[in-house]
Structure formats: structure tokens, C-alpha cells
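Next up: the structures, one after another.
In the two complexes below, chain A is the common chain; its partner is chain B in one and chain C in the other.
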Partner chain A sequence: MANLKPVPSAREFDLSRDSLRQLNLYLHKEAVGEGISQIRVQNPDGAHSIACGLDAELDVHIHGHVGYYVAGMNKHATVTVHGNAGPGAAENMMSGRVHVKGFASTAAGASAHGGLLVIDGDASLRCGISLKGADIVVGGSVGSFSAFMAQAGRMVICGDAEDALGDSLYEAVIYVRGTVRSLGADARFEPMTDVDRAAVKGLLAAAGRSENPDDFKRVASAKSLYHWHADANQEY
Partner chain B sequence: MCGIVGLLVKKPALRASLGALMVPMLTGMTERGPDSAGLAVYTTPVPDDRHKISLYSGTHAVEWSDVLNTISQAFAQHHEMASHGNHAVLTTGADADEMVAWLRRHMPTVAVLSVGQSIDLYKDVGAPADIARRYQFAELQGTHLVAHTRMATESAVTPAHAHPFTAGRDFCLVHNGSLSNPHLVRKRLEPLGIEFETDNDTEAACRFFEWRLREGDDLKKAVERGFSELDGFFTFLMGTENELLIVRDAFACKPAVVAETDDYVAIASEFRSLAHLPDISQATIFEPKPEEIYSWRI
Partner chain C sequence: MSGLQLEESAGFDRHTIDYIQRAAASGLYEIRGLGAKRRVPNFDDLLFLAASLSRYPLEGYRERCVTKTLLGTRFASKPIELAVPITIAGMSFGALSARVKDALGRAATELGTSTTTGDGGMTTEERASSKMLVYQCLPSRYGFNPDDVRRADAIEIVIGQGAKPGGGGMLLGQKVNPRVARMRTLPEGVDQRSASRHPDWTGPDDLVIKIKELREITDWEKPIYVKVGATRVFNDVKLAVHAGADVVVVDGMQGGTAATQTVFIEHVGIPTLAALRQAVDALDDLNMRGTVQLVISGGIRSGADVAKALAMGADAVAIGQGVLVALGCNSDTYVADGKHISALDGYTALGTSPGFCHHCHTGKCPVGVTTQDSQLELRLDPAVGAKRLKNYLKTVNMELTTIARACGKQDVHHLEKEDLVALTVEAAAMAGVPLAGTSWIPGQGPTP
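Then we have the complex of A and B:
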């Protein structure tokens, strides 16, 4: 008779007992070899760099609040934070999905190249700074200087934006539903097209949200900073 | 980098465990500030005719009973002294300004850390956990406290450069960040007769706010003035005899997290210093918004 040893499909780490290094080593190496796809993390208690640098189709659930750089550099994995995230959540993400159920601190999704970052609550200042191709959906509002110098990718803001939204934007596009306290240099409102509405609809659906795409405004680059103007006198 | 820690207990029954609740908060900020630590604890005020003066002798061995005897010979009033190694709190019926001036003249190896009717102040160099043990922080009782772990970036690692900074009576301030115009602030304050003890940027902010308080501003108004006068990055946490206040600069460059329950308001640079607190899962948790002033009274 074959040895019917049960194959574990989920694994739990408790950071009040297990070290962060153990967890991240497991996510980088053993989890991939063992064929375990779901990993639960208990008692994160604000630890930094949880589930950073993942490179496999893992499904990581973190139950509690996390510190800096959760799911930084993520590739392929789905990381869900059932709590709030500290600065730099999903920074430099390459692909996959990171979902913060609470609020996210500064610089969420900074420099992210691909994948989807969903923040159910508010995001603090500099959300999506230097965005390089990822999509970000924020259920709440974003702080000042969000999407600063964002080069590619899309950002959907269901709430409001504080000052200097999209300052020095390149090719990234922002969709915002609420009020914008001020646009940054070279950012401007543009008419929504059917392509924009379809994009917002798709991103909201991917984020599990139900806002009406018709309620969003498009913010993109006026491209006046793309070339240096000798006459501009550094006033934009 | 630096770590800030603030705690205000709303229920009188919790005042006895103020220090015990705070020690894990302080040690949780060790990575952000491993070189020095300090705290100001606010206790039930002494009677109107008395003052508390926190004293620190550094590496000098001081026999505090001798200090008390010398003080008693110089001042007729009643004095008491409670000491822990190189730290002591003098409670005196003498005029506080006269006492401080006398101490500076006659006891040059003893530094005055704070003066007031509620505040006790401790600060020293070393790992936060060592300092907490050295001064038995876990035993501290009181209504609220302001603490700091320091990673020096702009001036020397000495006990005098450690935070909190104090000025005037019962006022203290800790700072995560750096100011770019402390010398201008100092140049403005010194002609008004305000003396500085160090070259530290935070001291300039502390003395600026305390000057505004003496000029009649309340703490909120003083902080609003600071937005145009103090240039740089800051999360400031301040204490007075009945208030705890936090404010972040316009760019929110330095972090802060607040957790509030019916029992307490707890503040730290990061959530990891709050995670151990009782009923934290029921707490309202938020990050102070830039240039928004948050304060709580006892």
C-alpha cells in the first residue's frame, strides 16, 4: 500500500516565536521546493521587510500590522496584509499582487515596475513615487507628492489627493475620484476617454471595488518639462 | 534616525504602571537610536512652594548626601533628594532660579537636567535597555512621559546632547529629524538673554517653543509659529505638566504612529514599539498628518 502521507498545503509562521530571517528564507527557498502555496504569518508586530524579495507564486497572508518595506521587490507572489503597513510597502514590486487591508504609510509602491498594489485605506505621502509600470489602487485618500515623477503605470485614487499630485509626471496616468488639493508641476486634468473608463473599471474590479468609473478624473503629464526651455526661468 | 516614544495614561489606576508599559516601547526603538536614550516623566505636582530639579553627575562620582548637606547649609528651606547612582531628583523649597544658579556655581560637576513641579528627567549615553535598567524606568509612575532613543547625526554623542531637551519649567521636547537653521534661531534667541547649553539643533527648537510659551502663546500657537521659523525635518514630541503634543513637518519625512484606547494614548516612531500594549488590537491607530497638531491633556 502506498504511503499516503498528507501533503501540507499551508504553513504558518508566528513571528513572536519564529525569526523574520527564518520566514523570509522559507519563502525564498523551501516554500518553492515543498509546493506549499499558502503561508500565514501571525504576530508580525510591525517587523520590517516581511516577505521581501519573493520570486514564486506564493500566497502569503500576514495577520496584523507590518513595518517598513513589506513585500518589497515582489515578483509573482500575492501578499495580503490584514492590517496596516509601514513605509515603502511593495516598493520596487516587479509583478504579482500586494493587498494592504488597512492604511499604508509613506512611499507605498515606490518605484514599482509591475504588478498590482491595492490599499483599502488611506495611503500617506509619496504614494507611487517614481512609479515605473505597476498599477496602484487606493481605496481611501493619498498624501502630498503622490505619483511624483511617476514614469509608467496607473494609479487609481478612490478618495482625495493632497498637494502636488503627479508632480513632474512622465507617462504614468492617475485617476482620481475625489478632490485634489493641488496638482504638481506639469500635471494636468485631461478628459476621460472610453479607454480610460475601461482601464479604471478593470483596475477597480481587480481590486475588488465597486466605485463607478464615470466618477473619476484623469491626471496626466502636460509634457512641458520633457524638454528644457531656456525661457522658462525655472518657473513651471 | 532616532526613535520617539510618548505615553499618556487616561485612567488614574494606570499611573502606577506608566514605566512598565513604556520600557518595551523604548527598547523597541533601539535600532532607530542605539547610542543614547532619555525620558521625561510627569508625576503628581509638588506643592506650589516647591520645585523638583533633576540632576546628573555623568562619570563623576558624587555623594548625593554630601550635596544635600551643602545645599542645606546654603539655603534655609527644606530639601529632599532621591538618587539613583549618578542621577538625583532634588525637591526644594528654595527659589528654583536661585538654586539652579547656585548649583552651576558651586557644583560644576552636576548638570541640571530639568526644573519644574511635575517633571523628572533622565538621559544618558548607551543602549536604551541598559539605560532603562540603570535608572529603573520600569518603576516610574506618573501621568505621561516623553522618551527618545538617539542615533546622532549632527552633533556629538554625550549625555548633554541626548534628548529630551528642557527649557523653563516642566517643558520638554524630543526630536526625530534634523533642523537646517538652528544657528539662525539661536542668533535670534541669544540677544533676548536665552542661554544655550549645547550646539544641538533640537535645543534650538526647544528653547524657541519655551520662549513663545513665556511670551504668552499656548503650546499649539507656539508650534504654529515654529512652522515658519524652524526649517528642516522633524517629528517633535513635547510635554508640559498637563499636555502631550506631537507634530510632523510638512513633508512627513520622519515617521510616527499613534495608538489610542480608552485607557491610554501611546506614540512611537513605529508600530513595533506599540505592538505589546494591552488591548492594542482594539486601539485606534493612525499616523499624524503633516503640519497637523495633535495634543492630549491629562
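Then we have the complex of A and C:
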């Protein structure tokens, strides 16, 4: 018994010392084999592509600000950024959860197919662009062209939205609590139903938030651009 | 004077009158498939100077001529090795049926080359049948997912397409059947208008970072291609190389599409001939020839075209429309149970005839190639299609080696610009080779 060593349950990487390649390779190939599910990353210093392409139920905590594409194409993993995130946070996420405790730059959650992206602060331009089924909860406000061409999924905005919210939406639905500077082409306000309120309540709870679902408005597609017609020439 | 006065206007010819009257009636621009139909300088305007007294030929029917082609040797740990420098261009499941994608994969695998997905994701049939599959990352990101990224042999970031550089894809509702809709996360039957810009990056500096992300996701194993539609090719190729591409794909204006506006097809972009020369100039300017591979596409049809492209400096070509024609596109029959069945009624219903059809956008392809209709797609038997395509590509490759041997080359990649002359001043200027019978390269050399 004396020879048995305690099995580590966590692993720490320090990006001031370890390379990004070492970190991502470990997350892709070695962590599961070693039975490690908790990974801490120190001193990210704005590095790009941290924890991208994960495909396992890992719990990654990044302490500091990150650059582009944190948790890009995430599948299964939970990634928490204790800081701000650069462009494309959780882009093309398939499942799992990505939580940015600070602010997020442009295109957060772009083309994400599944999972939950939570941004405690504001999100910049094109948040949820090309969304394909994921859920996004933004604690603050979002920049212009958010949810541009969003195809499926839900987006909860606790603050305000800038110009052209939901331009060319397909089936995605946006819930916004504050003011909307302008809606994009083919987007429109619709009445909130009980189903919508329940959806907002569930998403807020999942994001650890306590806003009142009754305060939100629903934005969805008017579907006037689903088929070609001569009167919508500027939209084509 | 008597009789009819039939003086046709050059400016307002019958084609133009038809265009204006169609626009006046509908208020919408025309949408169609395939590539540019207008005459532009092309590879037919070049000729080879084969060996004679000053060059020594290889024995045409005996001596070996190497066609092996490596793509992605710059950074990827697992480059693509092709048996021939002829690849199959990106064409989507959606534009083509799953059976056609299956046929492409079978033929390519038998010949030792690659196929490429398109704006609609990767089908299981295509992955199963294609030994080497290039997975496109397009602005729409339809069906794009990390599992398929890992299953792919290379990733191709599509910036643009020769038929419509600067424009997004288009798939009309009649082709968005339940499976296509599911793969693209779209409502069934919707007229799909793809984005023309990538959602998560906006310029060449961002592209550097995007490519690195894909490299991290794939653990630096897979080659990353960057595909551009031919416009400002010299600058675009340099930017793609700076961004870290292993392979640059340049698609000239003759390149095909499943559907886009006619005005785009005929009036945007530059000919493949000019694009190729500019791309090679860019690689030379960066001293990157041989480090970054160049694939050229857009109207490549024959072994002569391939040989000329390689002589001008391409490492490989990609063929799209030629592949579809080999499968039966614009044929007056399709094959069922070994018999040729007339498809003329289908062409008539579309208001066209074999040899003229460009109605891919309708989804009513009379020979079952560019359709998602459950009955029409049965007109293309994957086994028959694969055999025809393999025959075509094999023929193209044999023509290529025939020319290479005649020029005294033991390897098709040894073909060089010095082997070429041009038939016209325009082609000489665009390709950067001398006008035949002179040493004059317009813009470069002395006058004749």
C-alpha cells in the first residue's frame, strides 16, 4: 500500500511556460487516457485557439483573457473563461458548455450547432451569426448584426441589441430584454407565449441568471425571404 | 428594293432582346447552372512545342512518365498523395445527389485521386467511397462539424468560386429535400441563399488565425487548402500563402456552379488562363513554388488542358463540369439496366435540349445528375457513373502523359512554360508565353 501514489484528478498548464500545442494535444489525446477531467490553464495572455476541437467531457478553466476561437468546435466539454474572449468564442460548438465570465468580441457562437454559450458581459458584433441550433445567453448587450442568418437555436439577450438584429433569420428565435436599435431584413417582433417564457426561464437558469422572463420580447423570422419574389430585390 | 429587311443589331441582338424582355416580364434576374458560355481566351489558344532536334522525346508507348502528385507538403504531417494530378472539384450534396457523390468517390478512389465536398456537408456515402476526401469549410458552414473535420483527409477553406467570386451559394427550394434540409439545418423547401462571407473571420489577418485553429483541431496533420475565385489573383494568392495555406486552389471564371445569377457567371472574374499565370507569378514572387502547391480549376476538359496547366506552373487541376458531363450531363440518354433510355422528354419539359442544358438549378436534371428528386436520381446508377468517370479521367491522364512524353518529360510535373506558345495575342499576354512563331510575349518581350 505504501507504494501507491495518489491519482491526480486535475492538470495545470501554464501558457507562459507550456506551448499551446502541448495543451491542445493533451486535451485531444492524453487527458482521457490519463483519467484527467479537470484542466486549469494559467497565463493565456490572449492566445488563440485555446481548447479548440475538444471531444470529451473535460472541465477546462482558463484563468485570464483569451484570443480568437476559444473552445472552437467544442463537443462535450465544459470550458470556462475567467476573463474576456476574443472573436469566435465557441464557434461551431456542437455540444457542451462554454462560459465567458467577461466580455466576448465579435462572432461569439458563430455557426454553433449545439450546447450552451454563456457570456456574462457584453458581446460584440455578429454574436450568434449563422447559428445552427446552439443556445446563447448574453448577460449584457450585443452588437450589430447579431444572429445574422441564424438558422436554428435560441439567443437570450439580457441587455440591448444594436442595429440589424436577426437579419435574414431562418428558424432561430431571439429573446431580448432591452431596446433594439433596429431589426434586420425579415426579422420581426412576435408575441411572447407561455412556451417562450418557459424557454427563457430555462435558459436563464442554465446560465445562472435571475432576470424575469416576462421582461423579454421575442424576435423571429417573418419568413418573407424564404422564397424568391420580385418585390424583395434589395434583400437578395 | 423588296424582301425582308433582316439586319440584326450587334448591340441589341436576339439574345439581348430576349434578356430584356425576360427581365421586363419577370422582374427577376435569370438563375442557371454550369459555367460561362461566352468565349474567353482559354487553353485551346495555347500549343505545345514538342521535342524534335533541340529536345529529345520519350518513347510514347513505352517509357514511364510519372504522374504522382503530392499536395500539402508545407505544414501538414499527412500530405495528400495522388496517383494523378487530376482531382475532382468541390460540388455539394444538394447540388448533386448522394448517388452521384458516391459515383465520384468510387471513380476517384479507383484512379487514386481525391474528391471534394461542397456547400452541404459530407455524406456518409461520399466518405465511404472516396479514399481521399477534401472537406470544404465554406461561409455557410452548412453541415460543418468537427467529426467530419477529423474524418477528412484535407480541409479546403473556400473564399470564393470562379463562377461567382464575391457571391454566396444558392440552392433553390425544389432541391432542398428532407435530407438536404437536415444536413444544412434549413427548413425543407426553402430557397437557400448562402452567405458570401465567413461568419467568424473577416480578412487576411484573421485567416492566419483561422487556419491555425483548424491546424490545432486536426493536430497539424491535415493539409489546409485555400480556394479563391479568380479576380485579383496575384494579391489573393500571396495573401493565402501568407495566411499559411498548404495548397492554393484558384478557380477561373469558366468554373461551374449548380445555381447562380447569369450576370455573375458571365461578367465577374477573370479567365482561368490569366488567373493561372497570375497565381504562378505570385508563388514565384514569394519564392514558394514547390513549397505551396497550386491547383487550378475552371473549364478544364481534356488532357491537353491539364498538360498546359501543368506547363504553366500548376501542380494539379480540379475538374467539375467535365466530370458531370462524363456522368451523362447533357447526354440525350441515361442508362438503366444496361439499356440507354431517351431523356429527351425531360429536356423538352425544361425548354432545352441535350448539349444546351444548364438547368441544374431546377433540380429536374433529365439524366439524374443534378437532382434531389427521388425518381430522377435513380437515372444515375453509381456503378455506371463511376465506370464512365473513371474512363474519362483515365483518358485525360493518358493524353497528359502522351504530351509530356512528346515534350521529353519523364514526369508530367516537368512540363514547363518554355514548352508552350500562344495562338493569339490575347492568350500570349494572359499566359505569358510567346505568340507562336515569334519570341514576343506581349507586355514582356521585344516586339516581333
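One rule holds for everything that comes next: the second predicted complex is superposed on the first by the 228 of 236 C-alpha atoms of A that agree within 3 Å, B and C clash if a C-alpha of one lies under 4 Å from a C-alpha of the other, contacts with A are read in each partner's own complex, and residues count from 1 in each chain.
To be clear about the criterion, contacts are C-beta pairs under 8 Å (C-beta built on N, C-alpha and C of every residue); 3 or more make two chains touch, one makes a residue touch a chain.
The structure presented is a predicted model; accordingly, all values stated were derived computationally and were not measured.
Participant: Who does A:67 touch here: chain B (first), chain C (second), both, or neither?
Facilitator: After superposing on A, A:67 lies in contact with both chain B and chain C.
Participant: So, A:87: does it touch chain B (first), chain C (second), both, or neither?
Facilitator: Both chain B and chain C are touched by A:87.
Participant: Between chain B (first) and chain C (second), which, if any, makes contact with A:170: first, second, both or neither?
Facilitator: second
Participant: Could you look at A:152 and tell me whether it touches chain B, chain C, both or neither (first, second, both, neither)?
Facilitator: In the superposition, A:152 contacts chain C only.
Participant: Tell me which partner A:130 touches in the superposition: chain B (first), chain C (second), both or neither.
Facilitator: After superposing on A, A:130 lies in contact with chain C but is clear of chain B.
Participant: What is the contact status of A:45 with respect to chain B (first) and chain C (second): first, second, both, or neither?
Facilitator: first
Participant: Considering only touches as defined above, state whether A:189 meets chain B (first), chain C (second), both or neither.
Facilitator: neither
Participant: Between chain B and chain C, point out the one touching more chain A residues.
Facilitator: Between chain B and chain C, C touches the greater number of residues in chain A.
Participant: If you lay the two complexes on top of each other, which residues of chain A touch chain B in one and chain C in the other?
Facilitator: On chain A, the residues that contact chain B in one structure and chain C in the other are 67-68, 87, 106.
Participant: Hey, which residues of chain A end up touching chain C in the complex?
Facilitator: Contact set of chain A toward chain C: 20-21, 24-25, 28-29, 48-49, 52-53, 55, 67-69, 72-73, 75, 87-88, 91-92, 94, 106-107, 110-111, 113, 126, 129-130, 132-133, 148-149, 151-152, 168, 170-171, 225-228, 230, 233, 236.
Participant: Tell me, which parts of chain A touch chain B in their complex?
Facilitator: Going by the criterion above, the answer is residues 43, 45-47, 64-65, 67-68, 84, 86-87, 103, 105-106, 124-125, 143-145.
Participant: Inside the complex, what are the residues of chain B that reach chain A?
Facilitator: For chain B paired with chain A, touching residues are 250-252, 255, 270-276, 285-287, 289-290.
Participant: State the interface residues of chain C toward chain A in the complex, per the touch definition above.
Facilitator: Against chain A, the touching part of chain C is residues 26-28, 140-141, 144-147, 149-150, 172-173, 184-187, 190-191, 193, 195, 199-202, 206, 209-210, 212-213, 216-220.
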